[in-house]
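In structure tokens below, several structures.
Note that subunit A is present in both complexes that follow, paired respectively with subunit B and with subunit C.
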Partner chain A sequence: MIRRAPRSLGEHAPILFPALMLVVFFVIPFGLMIAVSVARRIPGGFYEPDLVLANYERFLSAFFGGVLSFSLELAALVAVVAVGIGFPFTYRLARLPRAAQVRWLVFLLSILSLSEVIIGFAWSTLLSRTAGITNLLVAVGLMAEPQSLSPSFGALLAGMVYQAFPYTVLVLYPALARLDPALVEASRTLGASPVKAFFTVVVPSQRNTIVATLIMAFVFALGCYLLPQLLGRPQHWTLSVLITDQAIYQSNMPFAAAMAVFLVLVSLALVGLSLLFGRKEEA
Partner chain B sequence: MKIGAGVGSGLGRRAVLAGAGGLAAAAAVGFPSIVRAQSKSLKVGVYGGYFKDSFDKHIFPEFTKATGIAVEAVAEPTGEAWLIQLEQAARAKQAPADVSMMSQVAMLKGMAAELWAPLDPARLPNATKVKPALINKYPDGRLSGVGAVSWYITLVTNTKSYPQAPESWATLWDPANKDKLGLLALVSNSFLLDVTAATFFGGSKHLDSEQGQLDCFKKLAELKKNVKLWYRDEAQFEAALKSGEIPMGQYYHDVTGLAAADGHPVRSTFPKEGGILDSGSWAVSKASKAGDLAHVFIDYMCQPQIQALLSRKVGTSPTIDRSATDLTDKEFAAVSSDLTPIVPRYDLYVSKADWLNQKWTEMIVG
Partner chain C sequence: MSALVLDGLTKRYGGFTAVHGASLRIPHGQFVCLLGPSGCGKTTLLRMIAGLEEPSGGQLLIDDRDITATPAHKRDFGMVFQSLALFPHLSAGENIAYPLRIRGVPADERRRKADSLLELVRLPGMADRPVSRLSGGQRQRVAIARALALEPKLFLLDEPLSALDAKLREAMQIELKQLQRRLGITTIVVTHDQREAMTMADLVVVMSEGRIRQAAPPMEVYRRPADAFVADFIGMTNLLEGEVTAPGRASVPGGELVLDGLPPHGRALLSVRPEEVLLHPATASGGQGSGQGAVANRLAGTLSFVRDLGASVEFRIDVSGREIVALTRPQDRPAVEPGAAVIVEIPAEACVVLPPEGGTAGERPS
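So, the complex of A and B:
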């Protein structure tokens, strides 16, 4: 392995391909989006290239500020809940026999093949009054009559966590599978209970993995635009829903692009802050 | 074959001659080489999915049989994406479709950009029967589009939850219907401003002024508590209406009728203020080189027997007066009503699109 910094072109080569992909699939589209976001909207028409900030001005209002902060809070909550469930789950999973692990992972991977639409419809049926789980509760005598649980914030949260869960497990799995069992054994020998060992040894040793997973789940949840429409009420519509409305239904590409640029910048800033915060703590 | 049946005096000598003239003109397009009838073809854009499937199955084969013009159907995306594609293609002198079925808002936007080739009324004798509300004209009077299909959005209910059919749109505001409604999520496709104006403010004239529009928004804000679902996706509401999960709302009259015929406990009611009459128009891109064939096609589609065929097979409301068709009362009731309809103020949805959208979003989200 080369330990010194790469010098020749040949030594740089392995990084060239990902760099090229990053330029083609992120930098160029994002640049185009910025260009569109300062274009001039023609009411009743499409847009013309220009350099106006009207689209950003329109966004800077209490209304959109409220929608943006709701979207960020929702995404953060989804990330925390998904990792909160996913971490202990993956920790247990990594300790199962090989065959059982494979079965679980295949099952989780198969969830990834479900589209957002199917997940949304399935949850809204599951939480409906006419065919939902409350009918089961009525049957066993826990409830007087079936209730509708969707659309609501709880339904939306459940749907989004369900969607983010397989990703968090798949990101956590490699790190937790490699976790040295001797660490836990040592703490147990020193008298810690299994729960105490988990929280004082396993969780701190995986801090970087947890932060990375939280960020991934957060960014993933931020882009969600179908589930809020299917499982939420209008006050639960995220910025992504409003971007879709502008781009698809109002053909207002400049405004949609301005909102999207803003969303990308805010989420990049938040990710940057959390990384910075993590590094400082480590130092 | 149904074409020509039940026409009686509807299709006169003049129309036949004019149609023949159109065909002759169409044949001349192929000059100098003498083309066989089958090689004449026209690209027709219709909404993808249900519309295109129905047209491919029931309408286009009949047209080809009657005129010898082959139809190449193009599936259009809904919304305004198709308008944008047509505009950009026209700049490059291309026409992805010669004739397209366009929504009224898209028609108006295309007219603002002079995208539509003016049509010659003399070559569309059957178009004189089309209801005036369904004819599109440039401000200087040139013909830009002719009504293709129209359909109703009505008040729908689940018959188990509501044994009595509601009578007025005002029932949407009834506090007894808390958390029971499914309404369309966008200002420009729900047409609820028009409904509010017709129900509480004496008609769409009230929407002329900004104050009037704000009145309607204020009134609409009162029904928010009753709305369980603001839907963008039709399937979502239809399923909930059938199961009774969301037992009332606005929906398409024809689709609701089909669901009821399949045994689902749903009904569509024309409220006394009228159903919402939405429509699509045929328009010809200015980049099209098949203008003559397009005239033949549009004229063909306006014929009474074709409008009746559309009502029977596609479920659309006739664009011509009912008396000109041979539709029975039952067939007519399945797709339409004699009540004066609420015709949306499309002009507003173009001229004040962004403002209305912003107010609407703030109203339902806030």
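So, the complex of A and C:
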């Protein structure tokens, strides 16, 4: 293995292909988006190249500020709930017999094959008044009459956590499968009950993994634009929904582009901050 | 006064029995080594004592109190794991103070205790060092200090020194033994290294195939092995199969032995340590060498291989198709070369009569 920094072009070769892909599929589209975001909109038509900042000024309003902060809070909440459920789940999963682990992982992977639309409609049916789970609660006598649970914030949260959960487990799984079982046993012999051992040894020793998974789930939830429309009320619409709305229904590409650029920058900044925080803690 | 009593402890995994009814009495302050080849059940037995495995049968008593069903975190035993299991997110001092933190001991007292334990394992001033920046030997000491932090009733170690290189391991064995003697704590160490067991133990428990073969002080295990497995596993030995021909006489390949303790008739299995075997040149032993097997306890053979090990010289002698190993000090080295005819002398007092193989082997010696 070459340990020194690569010098000649040939030594750089292995990274050329991924670099090229990154340029073609990320840098160029993002550059185009920035260009569009400062273009001038032609009402009723398309847009022409220009350098106006009007699109950015528009979301300095209270409305867009509110939507942005709601989007960030929702994504953060989804990430925390998904990891909060996913971490203990994955910890138990990694300790099951191998055959059972494979079954669970195949099941979780199969959830990934479901599109956001199907997940959204499935949850709205499940939480509806006519066919939803409240009918079950009525049947067992826990509820007087069936009621609709969707659209609501809870329904939106449930749907988004459901969607983020398999990713969360798949990101946590390798680290938790590698966790030395002797760590927990050691803490047991040192006087910790199983629950205490989990919180004083398993969770803290996996802090970096947990931070990485939170960021992944957060960014994933931030890009979600169908579920807020299917399971939430208009006040639960996120910035992603507004971007879609502006780009597709209002034909206001420059404004949509400006919001998208802003969202990307905010996410990058948050991810950067949490990484910085993580590194400082470690030092 | 008996500290720890194992009464028929058994562990079964499905159809496989890892430990068959282990019974043992360990008095206070003893240093015990569970010794055996890998897969003999010694680690399983230790884990049952620690409370990390639930016994399928039998009882575990400490000071006449039954703790078979007590969970690991309520046993107050300190344990050092083979992987050491130091918590990677904590510093050396925090690792040692972890059991105190679990019990809600205030921070400044924890700190004081951790410092004094680091002093005890000769790592003063290392409290703030992250575990990842400690050497193998230092980690070892931190793991030992952590296990001792609660002043446990029982100190358990699962192959604690296996990750260290040979020199450091020897030094740690001696240090561990001195530490145990100073603290007077009942200690049980699992090891597959018989030198390690001989160095440290007051009581060596030899295990094989899930059974305790012999539990005795190291020199007794060496001098008076209970069966062929123990004789062969502890150090090097010559196993001789013989046929009892008359009371106190047994014929073995290459000659006849006269000794006490033989069964009245039938087959006999003898163990002779190489350093007790005497070797003479065939011509130089007072005219006795010519007649093959003419004199009791002297066997005629051919020297097949000589190996100079520095502190000793090892001879391999072919006696009627069986190989006998003899070990002498360099200054006592007989003047023989490979290929020479030699006389192997086996003193009667050097022979240990073992139960015949496949017979009563595995049953506890009475």
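Some points to look at:
Keep this in mind: the second predicted complex is superposed on the first by the 282 of 283 C-alpha atoms of A that agree within 3 Å, B and C clash if a C-alpha of one lies under 4 Å from a C-alpha of the other, contacts with A are read in each partner's own complex, and residues count from 1 in each chain.
Please note the rule applied: contacts are C-beta pairs under 8 Å (C-beta built on N, C-alpha and C of every residue); 3 or more make two chains touch, one makes a residue touch a chain.
Everything numeric in this text was worked out from a predicted model, so none of it was measured.
With the C-alpha superposition on subunit A as described, subunit C and subunit B fit side by side in the combined arrangement. Between the C-alpha centres of subunit B and subunit C, as viewed from that of subunit A, the superposed structures give an angle of 150°, to the nearest 10. Contacts of A:Ala269 after superposition: neither subunit B nor subunit C is touched.
Touching more residues of subunit A than its counterpart among subunit B and subunit C is B. Of the two partner chains placed by the overlay, only subunit B lies in contact with A:Phe121; subunit C stays clear of it. Residue contacts after overlaying the shared chain place A:Val102 against neither subunit B nor subunit C. Of the two partner chains, subunit B is the only one touched by A:Thr130; subunit C is not. In the superposed pair of complexes, A:Pro234 makes contact with subunit B only, with no contact to subunit C.
Using the contact criterion defined above for the overlaid structures, shared-chain residue A:Phe63 touches subunit B, although it does not reach subunit C.
For the pair subunit B and subunit C, the least inter-chain C-alpha distance in the overlaid model is 46 Å.
Common to the subunit B-facing and subunit C-facing surfaces of subunit A is no residue whatsoever.
In the complex of the two chains, the subunit B residues touching subunit A come out as 79-81, 83-84, 87, 108-109, 112-113, 185-186, 188-189, 228-230, 232-233, 236, 240, 243-245, 350-351, 353-354, 357-358, 361-362, 364-366.
Those residues of subunit A that touch subunit B in the complex are listed here as 41, 43-46, 58, 63, 67, 121, 124, 128-131, 148, 151, 229-230, 234-235, 237, 242, 245, 248-252. Within the complex, the subunit A residues that touch subunit C are 180, 182-183, 185-193, 196-197, 200-201, 204-205, 207. Only residues 50-52, 71-79, 81-83, 85, 87-90, 98-99, 101-103, 146-147, 149-150, 156 of subunit C touch subunit A when the two sit together in their complex.
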